[in-house]
Amino acid sequence: MRIGTIEVTSRLWIGTGGLSSLATLRDVIDAADPGLVTVSMRRSSDLGPSGLIALLRERHVDVLPNTAGCLSAREAVRTAQLGREALGTSLVKLEVIGDERSLLPDVVGLVSAATELVADGFTVLPYTTADPVVARRLVDAGCAAVMPLGSPIGSGLGITDPSAIERVRAAVDVPVVLDAGIGTASDAALAMELGCDAVLAATAITRAEQPVAMAKALRLAVMAGHRARAAGRIPRLTEARPSSPMAGRAAL
Amino acid sequence: MRIGTIEVTSRLWIGTGGLSSLATLRDVIDAADPGLVTVSMRRSSDLGPSGLIALLRERHVDVLPNTAGCLSAREAVRTAQLGREALGTSLVKLEVIGDERSLLPDVVGLVSAATELVADGFTVLPYTTADPVVARRLVDAGCAAVMPLGSPIGSGLGITDPSAIERVRAAVDVPVVLDAGIGTASDAALAMELGCDAVLAATAITRAEQPVAMAKALRLAVMAGHRARAAGRIPRLTEARPSSPMAGRAAL
Amino acid sequence: MRIGTIEVTSRLWIGTGGLSSLATLRDVIDAADPGLVTVSMRRSSDLGPSGLIALLRERHVDVLPNTAGCLSAREAVRTAQLGREALGTSLVKLEVIGDERSLLPDVVGLVSAATELVADGFTVLPYTTADPVVARRLVDAGCAAVMPLGSPIGSGLGITDPSAIERVRAAVDVPVVLDAGIGTASDAALAMELGCDAVLAATAITRAEQPVAMAKALRLAVMAGHRARAAGRIPRLTEARPSSPMAGRAAL
Amino acid sequence: MRIGTIEVTSRLWIGTGGLSSLATLRDVIDAADPGLVTVSMRRSSDLGPSGLIALLRERHVDVLPNTAGCLSAREAVRTAQLGREALGTSLVKLEVIGDERSLLPDVVGLVSAATELVADGFTVLPYTTADPVVARRLVDAGCAAVMPLGSPIGSGLGITDPSAIERVRAAVDVPVVLDAGIGTASDAALAMELGCDAVLAATAITRAEQPVAMAKALRLAVMAGHRARAAGRIPRLTEARPSSPMAGRAAL
Amino acid sequence: MKILVNGDPREVPTPCSLGELVPHRSGVAAALNGNVIRGMDWDHTALSDGDAVEVLTAFQGG
Amino acid sequence: MKILVNGDPREVPTPCSLGELVPHRSGVAAALNGNVIRGMDWDHTALSDGDAVEVLTAFQGG
Amino acid sequence: MKILVNGDPREVPTPCSLGELVPHRSGVAAALNGNVIRGMDWDHTALSDGDAVEVLTAFQGG
Amino acid sequence: MKILVNGDPREVPTPCSLGELVPHRSGVAAALNGNVIRGMDWDHTALSDGDAVEVLTAFQGG
């Protein structure tokens, strides 16, 4: 799919937080074959670039700097600008956190930060609630995609309200990327079946017992869910429906 | 996995009822690469073998005759014996239907039919409720696997009580194959994540808008769920957990 | 409702296990105004009657001895007979436990024990799975009611598969009493809305922080759910439906 | 509870839309004993007061005018002002609809309309999403309560994401009133168990087969849920926990 | 003169105040060209040709 | 003589064995009056007037 | 003689009936070697050396 | 002079430009007293006593 100026092929995107080593991250990237890889902007102790940047360049992955931890629109806008300077990309995963405990977005601050960053030439991908009205406001503000949460960041609760994701999908015509809450493969498949264009998984991979194996599992799950939606699932029936013919049964 | 005397490699099994043509079934089989393929025993109008048998031989798939539609242990036992005669296999998917509307199994009749068929040399795979106590009785009776239902046959409701499938998994050491209820990819992935060894899909594939595409999707989903279970998913948390470091944030 | 020879008016039934004192039990009984009160049969250290029996007589409640903890039909039948001797009632809540960890019933043993006790003149109320086929077998065996579980005993998980309870309700014409799993008021209301005639609550009351207050809450909840079912609820819609008129809006 | 200057005793609030006659509404009011009754402002064909106003005065109920159907902050503010003029109350249930199909609120417009109305002396009760961050913004703007939706207006889907309601409850110290989505008694009980101070039911009552009976059921359900929360429910356990003593079992 | 009352055109004598147009004081509210006019001000609020008046009351609603 | 084959009445010559009635050996199975007869036994299984024969094969099924 | 009462060994005089062992009639029930004995029969039910007697009453339970 | 670099006080020679403080150009970004300074401007951005400089790079994050 197209995100701003770049073509993103893989529908599994990954976050990189929580892994013990860059070596494991390399293996995770190779297993996940991610469409985009998120990073956060933090202080450099030696005032130089991190080893992470070298690794991402080595693996030729497109990087998506986020504004994780920003508690105001102003802070998020400046962090986005620093990300652009350091990484040479106009992409930004915009987070304006409204509550440090639940890490849920502040959608009012989010809309204003998105408006400001779009005007500044950014390709904005906002982390938002599964609210179709807010999603439409973000698209009207010029966002290139919307990233609704399935459940709180790192909770692994999956998609607590699937109908909300379906409403977001129906409300906008930009890519919808399920962000936050994915716990395992079935959650990722469900996200795609609900109409998402991609899934971002961070904790689900990085804190799994075996991150590389989970990366592979999620990659398969995203493909499975995407194909299943295209295949047109059967309707849900409250009654049973025989899968073997009733006719031609023998009298025994 | 081992089912009686045969080694079943693929963890996606398929039912064949509901497809319009054998040509489509051939494509579905090729897309699903099924471990086993179920068929039902019905009257032959010309007293000869069906074209289905020829197709299954041509594709070299292992066939699993069922006793679909049988309303008593006696009827199911005889149908199983006829399946063995016609198809030259001792495998049987044992169904003893207790209610023609919900197509739920009669577990009392099921246990007695299973006992009789095991004594007659069959490798019995019973379609049963997600009841761990019944499952253990079936294994004690000599069944080679248990096939609990996720929801009613053909309903596409998925797995209405995941904890029940987990209890069946914990109760027995033979293969557990999720039977009935699968609607789409995420259902199949969930079944594997709950500890099933395989998934049987019939209506989900045969009545999908595009059966071949859904067969491919379910094949990927079963692999995804199987790997995800092995990878060790993250715990479910009621609180959020940051996926980006809190330390090193800039003062902006 | 009629249970065997006795008329049970209240639709909240209670178990008595887990309370610290008989004094609290007295208050719980007064708050719950229970239709039936279950007790278990255990060894008498002084070979005399327990204080519990005196209390139940004092409050004029109908007692329902159970066969809790019995792991075989034979043990359950004898325990039922001892209950009848000690308490002078032919009512029995029949439990045949199939698994000491999940405390789920062994439905095969249950049907045979029920058959034997009915022949011996008992009014049998079996604790069973939410399986409509087993429920009908129990009714065919002469049971006066069926008591399907919502979720495991003492788990407080409520009704994990509401559709299963609805199927049991549709399958039999004797009273259906939701047994096991109730955690709080909404669970009890839901049970009645699904068509149950009564709810048995034990742990939900006895291990609540304030047992007497919870008893009162469940009493109200059972009434609420019973009336709500009779009132005929609105259908579930995937779309919104305005509750204020669209016509006559001002132009402002 | 206290809402602005008035003391609201009953925890069941009702909407009045959808009933065929004022006579039925009178009976519904008597059965529900509502804390507040919502009305909408519409054009008067004879330029005079409606019969509804006379009825509400006769039954001595406190009225809560809403801004239902308003698609902008400006329209909602003016409708609120007209409601105050016509009904002589400073209470307003503030609705700013963001999507005519789902009738979900536009939370950005909602916060600005709430701010304006608070400055104008209103006691504002906003209909909002189950978003704790938005809820806190509304309280910071001076709202007297927050009214999160359980599911879309008139859908009868109940509370699709209970954890979201719990988060709203934890985020604010003003009354939380569950608005929209209630279908039947168990939904209302659950809302109170999640920590809501009251429940607003409209369609659930007015479009039930028997509105008066459902009003009574919801009244009981709200009481049940409120008491159950206070009583302190048992924890949810994945394992069973015996409700009968294991000790003292006979050897039979 | 011609004014709009609740969206419908209506002929009223000149001069005409909002108070003359709307006989009641209680249970209704009025807006003139989108601006809410308090009841106390109706009598000395003169209507002009082309004015749009909205007169609302309470109806059953959720 | 008259027998029932898959529920339908059919006239067959006398004598007639199950093997003569059912030409195929592979992919089909037969029951005589409710009892399953193995293929090897068909030729020396004589049919009698009024017998009910069921001849089954595999069809698509779940 | 030695018998088991509720699983515990106990010395009782010979002869001894079940009725002599269990003073109460109401609110209790007894089984002798696994067989339930009705109260009316306790007095003429003689106990023998090694018998296992279970005497139960009602306790709080779910 | 004394400035703050990533929150820590540091003594730097006078004069000192942002470019002199931060040796690298790629993979890092800098803000001076809260305002982002583009890399091309670092060399002619003089630091003053008490300035707060933030120098960031990319770390693993969700």
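Labels A, B, C, D, E, F, G and H are assigned to the chains in the order they are written; within every chain, residues are numbered from 1.
Going forward, contacts are C-beta pairs under 8 Å (C-beta built on N, C-alpha and C of every residue); 3 or more make two chains touch, one makes a residue touch a chain.
If you're wondering where the values come from, they're calculated on a predicted model, not measured in any experiment.
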Common touching chains of chain H and chain A: B
Of A-F and D-E, whichever chain pair has more C-beta contact pairs: D-E
Euclidean distance of C-alpha centroids - chain E vs chain H, Å: 65
Whole-Å gap between the CA centroids of chain C and chain G: 32
Distance between the centres, which are taken as Cα means, of chain E and chain B, whole angstrom: 71
Mean-CA-position distance for chain H and chain G (Å): 92
For chain G, residues contacting two or more additional chains: 6-7, 31, 34, 54, 56, 59-62
Set of chain B residues in contact with two or more other chains: 15, 17-18, 40-43, 66, 68, 78, 82, 102, 104, 153-154, 157, 163, 202-203, 238, 242-245, 248, 250, 252
Parts of chain C lying in touch with chain G, wherever the complex brings them together: 15-19, 25, 38-45, 47-50, 52-53, 56, 63, 65-66, 68, 78, 81-87, 153-154, 180, 202-203
Residues on chain H engaged by chain B in the complex (per definition of touch): 6-7, 31, 34, 52, 54, 56, 59-62
Residues of chain D that touch chain G when the two form their complex: 242-245, 248, 250-252
Complex interface listing, chain H residues touching chain A: 5-7, 21-24, 26-31, 34, 36, 38-39, 54-62
Chain B contact footprint on chain A (complex, rising order): 15, 17-18, 40-43, 66, 68-69, 74-75, 78-79, 82, 101-104, 152-157, 183-190, 193, 202-204, 206-211, 213-214, 216-218, 220-221, 223-225, 227-228, 230-250, 252
